[in-house]
């Protein structure tokens, strides 16, 4: 099939960018979206032009490195899927696709479709952990964890940190990302000692890093390749209020 | 070069404890005076960086990805082994030790493997405390499952995302230290060379992948946790960015490279669908628990599936291995798939695939149970192939998955370069010639959490360090060499992309040095690799400059190293004139077609020493002795 | 003495207010007040179907205790101001968080009403001002008589452009309520996979009831059913 791409090209964080049109003939339906871009890039390289820059690594939907907007949807039209796992058979001959980088103040564009997502790491560094230095752990079965809680915790822990939630949110909020970690750790008995501190510190970091707020539109949930629920955001809000009014610091 | 494994004396159960007592300690107040560079943020690198920082060392941590959370450990699906014996089914440290040595086809160092089995129980404790949401029983205790090659249930898992969850545990511990200022993280930064001062590893040269800035970083010790080199084969289950550059540069600075030919093939991957294929996707081996593997009995049978009667389907694993059936170890399953495809009985485009059929399982268990057990994997298969595995059998084919070889290390995980430590898949240590399922995660975390933090202290405490400042001649020299190499690559204005040449190398390696190898094929590969390498330097094109984001430059640099390593892999494969584990030499097999070891001549580690450009590397032998697990022929009949 | 210092309650409130989550909570809590008002107001309005005496008497009743009346008006005004100030501040945060817009943006889940809360809110604010001038102070009414509610409503709505503007405003109110009603629970941290979907259905039904209840009056006037 034949696909027309309009790709955001931007040389670096400082220079302005613009859309460039590429006609891609002979796209195989078995290609992944990124393999289709590989083919476009081979063509550009053959002509001595700069290939389209995009982040990617594992190409099996787990590392969270890939991601951009396809026709205004984060990771493209298929739900619960990263762009590396999106295959061309989901598109039709003659489709025109607009590829844009995640757009948020907290995610400066580095080049073309690649952005800097280190703000997400800073949110984790603020409190997305359980402080347990190596060697200080008790016997693993000392604290039983109800199966249901372990499962719910795992649902939230499945976050791959791709940033699609921020990209899809009209407010560029990192609420789902932050809430997923608050939920993952807050549901486990191991996470209780720091639960209040964590909620306050991570929420503060989210704001300090320039992300927006949540207006409960659930665009993040729809864009999340791991289908993490916005119920986690309610949980984070709950933890935040409880911590704000009960903690002593 | 002298190989001294420094395995402590004494009974094997006490070696590690006594050794830890013998290790010199760094005074707590003095730890902050030492800086350690850790390259890589996977299970090994991430856990090491976090643990060293917790102890009080200053840590500089590097990764090429945009975040330490993305290291390829994240893609491990199945689980992590530990000798907890929670199911009360007879497991023990000794049994895990035994299974790992035997599974490795008697090519691993006994003392290391025993230590690994001992530490395995601490790893689970640590990870649970960090909040890793392992699967639980209804009573709240940890759940276990069995995994290929073991008869006990000792595998801990977090759905099909165990690697992800363990890595996030280490990543969170690491981020905590970054937040405390104890670790300085350098993401999107690639190590391009190792700096030696007075024969000791004292720093690295890096390139910032966004700005192109080349820099030197100085430390008192350097730790490489940079993963395996499976991407030498181009198509593998590794991430696209996984590469051998860090270990290869260390090799060229004097670190011995051990057993490069030990590569592991995973039998249940999704087959190649076209020339544009960029990587291979693995599906958990657990599929073999209920799926039946078959090919048509007749060659080039093009009938539609439903027209092939059961009598004309060859369930070849069940036929050849009646007791293990579809659950034979990875290498056996892989080689048999290749054999039937070589006979012209392969299925799917290109004839490189075999069926993994769930029709009987669905009949026996119902769709509901099958969906519950394998739903995620079926969905993934459908996303990639567009075929519904509930209705048509999956097609699978083996793919390169893991490399047991790596930089040679002693019992303390130090390479042949003093002060250079190598951990995780990057070293060669614990898996011998074949790694058992769910053991990679165990080894990465054992090295990073519980071995390196002790052993590196001994080195730091017993070494006098000369001050190395930014203007040191050795720094300037190595940095200059890196700049020169980069400049040469940037100026490449040929006609071919690095990827197209990498594909060519990969195909050659897969054909001649893949699942089955023979002297003639390896000879051919050894003749062709220098030719491809020469063509690479003539024909590759790198667009853009060195002072910007430049993926083509990165790829070309990594490929240059893969092209050299490929030759060493084949050299080692040719030299190791026996079959063992993942290294199958067709000349050496039992009448039933199983790997036939030659313990008389090859019961050793082959550690290769670099001797300069154009020179043949020199092989050194570390003899292996098996005092506790006796040398026997593996049999899965 | 404990090594953990305690922060005063004022500092705690300030900390919550500074966080966007806190502002959302303020919007939710003031939303509850405004939502209660909308419900009560509609129930009051519907008395028009019981005849002019009933509703005029209701108006007199409301005015019978000026203290209570002004207290309620004060609470409503404070709620409205806080609701508005929070919304405005949040909008500026949101705008700063996404300085560059997408060339294409294709919402996958949210309704138009949910995405245009600020727009519908501003429109409703303008409507409230007009509504007060129309039926409370009477300066926008051509034939206003103090405390003659039935008369004022009938003569007011007999001008069809006025009725249409009321109907349009009520549709926006419905959209605003439909999202706001369940969203306030989410903002305050109340969510459950079993009850939240039911709450969302309830919010939709409720918004429709409010709209129909209020819109029925101008329609009834135009249709000559009330007169």
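For reference, chains read A, B and C in written order, and residue numbers begin at 1 within each chain.
Assume contacts are C-beta pairs under 8 Å (C-beta built on N, C-alpha and C of every residue); 3 or more make two chains touch, one makes a residue touch a chain.
Treat the numbers as computed from the prediction; the structure is a model and nothing was measured.
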{"item": "Leader among chain pairs (count of C-beta contacts)", "value": "A-B"}
{"item": "Reference chain B; chain at largest CA-centroid distance", "value": "C"}
{"item": "Computed distance of Cα centres, chain C from chain A, in Å", "value": "35"}
{"item": "Length of the line joining the C-alpha centres of chain B and chain C, rounded to whole Å", "value": "61"}
{"item": "Intercentroid distance (Cα basis), chain B paired with chain A, Å", "value": "27"}
{"item": "Chain B residues touching chain A - in the complex, by the definition given at the top", "value": "47, 50-51, 54, 65-70, 72, 74-75, 84, 86, 122, 124-131, 133-142, 158-159, 161, 164-165, 168, 171-173, 175-176, 178-179, 185, 187, 210, 237, 239-241, 273-274, 276-279, 281-282, 380, 383-386, 449-450, 453, 493, 495, 497, 499-500, 541, 543-544, 548-549, 551-552"}
{"item": "Interfacial residue positions of chain A with respect to chain B in the complex", "value": "11-12, 28-32, 34-36, 38-39, 41-42, 44-46, 48-51, 53, 55-65, 78, 81, 85, 87, 89, 110-111, 114, 116-118, 120-121, 124-126, 128-141, 143-147, 150-151, 153-154, 157-158, 160-161, 184-185, 188, 190-191"}
{"item": "Sites on chain C touched by chain A in the complex", "value": "2, 4-7, 12, 15-16, 19-25, 90, 93-94, 96-110, 114-115, 117, 179, 182-183, 185-193, 196"}
{"item": "Sites on chain A touched by chain C in the complex", "value": "6, 8, 19, 69, 71-73, 79, 98, 100, 103-106, 168, 170-173, 203-204, 207, 210-219, 221-223, 229-231, 233-241, 244-245, 248-249"}
